[in-house]
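In the two assemblies presented below, chain A is common to both, partnered first by chain B and then by chain C.
And then the complex of A and B:
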């Protein structure tokens, strides 16, 4: 079964204004008078929170299973559709639904339910606080799912790591006309280069030194070009292979404008060798080389902001992305791939490390989401022609402690350290805000 | 002859109504490859008994009411056979006999043959023409007879009898309902709700005789007349017997499959014989409440049983035990609505029971909420809307309502949705 769009509700953002219900009453009216809203927001007086009753467009809808007249069925668009011509008004569907998603309307004389307004739900459009979202990411998964997976089944990552997701989805889109470089780090450790003489993927792949990834790709791309072949030169590197040990060759290739797509999967340390600190490890974090003791309280320096450093190279394209925001990641991958045909494209992905950062393996995407929602990791995009743009609003971030408290590597932080991190996050956000406002473009960088 | 060789399927489902169809879905959800046959004794595509009152009323014709089209079975890669009546089950040989001599072997078998109308042993009944309402043919015959009935007698005030009485009254018949219990819709609604429903019927000219029996039926030309236990007579240009249903189990004689009130099953719908399951109206459904609350004959229950059976047959590891039947009805009458979920408090209810009522005599709407140890047992409403599916889930989850019971009485729709939002949304 294909995945389909859905209306998602975030109770924490809802203030019960009721605009969604008013919009629905108008959208579903036949005669100008308000119809019964297909979405119902209810207040829990005991907890003060808001709840929702609306059709979930279930994958296996029980309203349809119990309907004696075959008047309800899930369509290919994901909507559980109600057929007025078949309905006998027995209301048994209302017994089948445990979500209050289909209910009798006395005014209309029959059951009513959400139909997602044919792909443009009016309740979502009316919600000013972002409590309702029309989540269409699933469409992307369907489209991309049809592309060939170019990695072998069964990559050997740690449980809950998002790097496999990044690798597979990136290479699906970038396609088979690719030469892939994966310098030492988690990615070859997971099996990109293969085991026992067998390749780990269906494209030519090699294992450069930590130091020379961008140099080797430079030569490969140029040699193919000389032979008249337009091949994508792709690096999937960690933050060490990109920003620390690999930085000299990366910086050189970026400055020369080599036609390379360089993807950095940043887990803020040397995680596959035992979680040592790197230049990307953030202030206060525990690592094997920034331990916690009587005096030591984790790393004492700030992380360097590698994507900003890359932007100042005047690359064709630089962006940051997160696996908690896949649509945004996909759009940036698309843009980066396109830009790599003209010059250097650098894509920086935040990759929470379940084992090195010490959090439950099921929480990876939530950790990634909180990093973005607190401005700890800001999503932005730089194009040489247009300058820097923020990918989402950063003006009302959650407090950074919401992110820090999820991670064992920050478990020891005292109030002063938390305040230090909050100040740094605020300062960094302000720098990005000002860069975006200034329309920081080719001229400013050049 | 090709037919002489016994055919064999990994799964055979007997009956293509709600339980059988849901089982097919559940089997295919887990086993995409096994061969599946469904044997339906009917000539036509399956039609749910629940839509038949709407055929009788003329709201629906014969077309466009099928529970599933043939295409649905084809897409599931199920061999759908009509006019295939099973006459015997040989569980030792794992095979079925069909009326026409064909034998079909099974790996796993589901009995979902439903129920047929129960006809009470009333003197003279067998000698006259009477109607029942279980199949589409029954419904068409009743529809056509109702137009010229004049006087009609309906035996039984269950949902089938009440729906039919309303339809007959709407086309101008003078209708008498005879019910031996002391209220209409016994087992579905409590006495107060039933009294309100009765009052609406009386206002529409329907005579309702509760606590009464028909002693005898006598022929009067093409029509008949019924003699009541008090001695009075009622002419019956049309006589409808709606005295409930009994599981269709005659073909199981000699099969070794235990039958009580219906086919005996465990919580995974397994019968007493290996590789044979049963679901829907053919089984003896256990009550969720573990008491004598009537269970069975509830459409959503049949669907749950069908799914449980199908998952169990296919070996789906996600299968969970069937929790037992909860009475559940959505009943529309003369443009009004009555809803019931769960059970009423017993006559000898102890202090652990609590009954909350809104809308006494004189008020338009009525709502009753029954609690035991603070947990919802039943909700009964007339002209008060709520989400029956949410109430059903609150009962199954044995949610302690505490202080929320009052909110539930005041606004059952919103209060139920608040509980749902907090508990399982």
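And then the complex of A and C:
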């Protein structure tokens, strides 16, 4: 199923002026007869902020499923359409919708709902403050969604893990003309290579050693080039296989400028083997080998900044990305793939671990978003030709505690530890700000 | 009697007679590098280590000069060297590297995996003793320590044999009944740096001898032939232990097939190029011998001189040189040992827990299959580049002769203990 346009509402920009409702009334008024607006703005008395009641054009609309007359149906354009000829005015749909998206209009004598004005919603046009936008938020998903999923169904990742999302979307885009290396860890652990003759994906795939991913891909890419074939050499590796025991081969291949696309899925520890500490585990975190006790309060060192280390290799492309910001991730994947045809491309993805970090499985994307919004994980990209650029504004971050409090692995932190982390996060953001300002690029690094 | 024809073309060799061989004056490292040139690998990955370094340099220079058309990967360490070759071989490349000593130790993780992936990679080991004590000199502790890993292990006596064996190694490795990596061992210092006159085989004839690379027909990483390489195997949820056993058993069978391949390929080499080497076990003046020395590698030269001298003095002694240590040439070794009544084994490495040498242990195992009980003495020498001279072997012979009349000591004779 493709994503379709929707009317998005930004409460922070709404001042309750009501122009949207007026515009809708006018648009829906037939020959001057009164009509009821299909959008209503509603004030939340507790917070003072505004919300909207309007049809969400749900993917699986409850209004349609409860309708006994088949008068409501989701169309190919994404709009839930109302059929006047079938409607019996029973109003069951109004009870079925939890968003107030369909309501009885006394003026018109039947239920009414938003139809997006055939692709030109008048409410959006009337909104001066930009609180309403007509967007296809997932237009990239549409493009990716049409590509073949090259992994088998039923990969055995933990509930709520975002790694499977990363794997599937990355490989869809990168395509079948690829050799995929998945060093030991969660990614082959969920079956991407396979078990006992049952394969995990449709592209040639292998377990390198935990230590030699970039080296094996060196030989693969170079031999294909020798044969005149342009085959993508792709790694989907964890932070241990990339930055700890695998770092020598990663560093060597980056220094040599091997044409490899190396994706590091960083869950900040050895999560596949039961959540032990790695060089990417952050300060204060509980892990199975940095436990909490009378004499210990989690990891006592900072994480190494692996993407920055890779930048200083003068790679063709280095970027950090998050599954809470998919368009940014897609754009960086695109850039990394392109760069890997010229030299070493390194893409670092923050991957919250539901089981190892101790948070509910439904919260993965929320955790990933908070990491970015607090500057705990800063999104940036480096191109050899243009230097380092911040991917989003980092000047007004939320306090880091907003992120820390989501995670069981930080549940033991005392005030001093939180302050320590906040100071580190601020310092790291400042370093990146200055690198971006300095235009740290080919001259400085390469 | 020795099967060696002393480097000269036999009269029956019509092919070699066609062209005047090119003559080189070089050491064993350069000879190995020329062997690499002749084998035309697609990819060479190297990392320098004494006493292999000049070999890596020669290969790099040959690539720079256009003498060798190969991808050269100057990896950041031996671990990556072999890993690069794993990747390349899985894409079908004929590959080469060389290492030794600590480099081999550092390489161990991918080294361990190479034969299990059945990749026909050829690697020279310029044998070096292990640290500690700190040492950069020759010795065979490196190769002896990895006997059970599953590589084919060949040991050369001469510089010419180094070149010839590097080329032959590709035929052995890529034989479809074998499909295993081959280590061509040549002793650090003695062979790596000893300069002699050798013949360089003709490229076109070597091309004809080796054929095109046949590397990844059985396992490949290629979008045109997509497959999963090395998925998790074994464990309770799979098809059962039989699959894993099948891999191990197949590897063992490949090793046994290699015995035949090594013999046939050495025979073909002799026919085409006129130089005949004992492929598995060389017997030297053994037919009417009371005693025999067992040797391996370059030490056999001085040992043969000592045997000749002892013979002149009326001592009926012969020599066994192991060329192929893995697969262990059991039948050839038993046949040779059966000709002696007492055996002395000279090792350039130590088997600590046995208080003897590794080749001594190998020989003891073979003696189990001999017709009678033969006493077998361990002699250890040549550690860390120590000389093993004719005088040392004269002593080794004398110690072995004693076994004819006295019980065999269960402790080794340390040949350089007084040097």
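Quick note on the criterion: the second predicted complex is superposed on the first by the 312 of 446 C-alpha atoms of A that agree within 3 Å, B and C clash if a C-alpha of one lies under 4 Å from a C-alpha of the other, contacts with A are read in each partner's own complex, and residues count from 1 in each chain.
Convention: a contact is a pair of C-beta atoms (placed from the backbone, for glycine too) under 8 Å apart; a residue touches a chain by one contact, two chains touch by 3 or more.
Fair warning: this is a prediction, and the values are worked out from it, not measured in the lab.
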Next on the checklist: According to the stated criteria, A:68 is in contact with first (chain B), second (chain C), both, or neither; which is it?
Outcome noted: first
Item to check | Touching partner for A:176 - first (chain B), second (chain C), both, neither | outcome: second
Next on the checklist: Of the two partners chain B and chain C, which one touches more residues belonging to chain A?
Outcome noted: C
Next on the checklist: On the A-aligned overlay, A:212 touches which partner chain: chain B = first, chain C = second, or both, or neither?
Outcome noted: second
Checklist entry - Is A:51 contacted by the first partner chain B, the second partner chain C, both or neither? => result first
Next on the checklist: Under the stated touch criterion, which partner chain does A:104 make contact with: chain B (first), chain C (second), both, or neither?
Outcome noted: first
Next on the checklist: Once chain A of both complexes is superposed, is A:200 in touch with chain B (first), chain C (second), both, or neither?
Outcome noted: second
Checklist entry - Any idea which chain A residues touch chain C in the complex? => result 176-179, 188, 193-209, 211-212, 214-224, 226-227, 231, 248-249, 251-253, 255-256
Checklist outcome for this item: Contacts from chain C onto chain A in the complex sit at residues 42-43, 45, 71, 73-77, 79-81, 83-93, 95, 109-110, 113, 220-223, 225-235, 237-239, 243
Checklist entry - Which of the residues in chain A come into contact with chain B in the complex? => result 11, 40, 42-47, 49-53, 62, 65-66, 68-70, 85-86, 88-92, 94-100, 103-104, 106
Checklist entry - Contact residues on chain B for chain A in the complex? => result 18, 22, 25, 48-51, 54, 59-60, 64-68, 299-300, 303, 307, 328, 330, 332, 337, 339, 341, 385, 387-390, 392-393, 403-404, 407, 413-414, 416-418, 420-422, 424-425
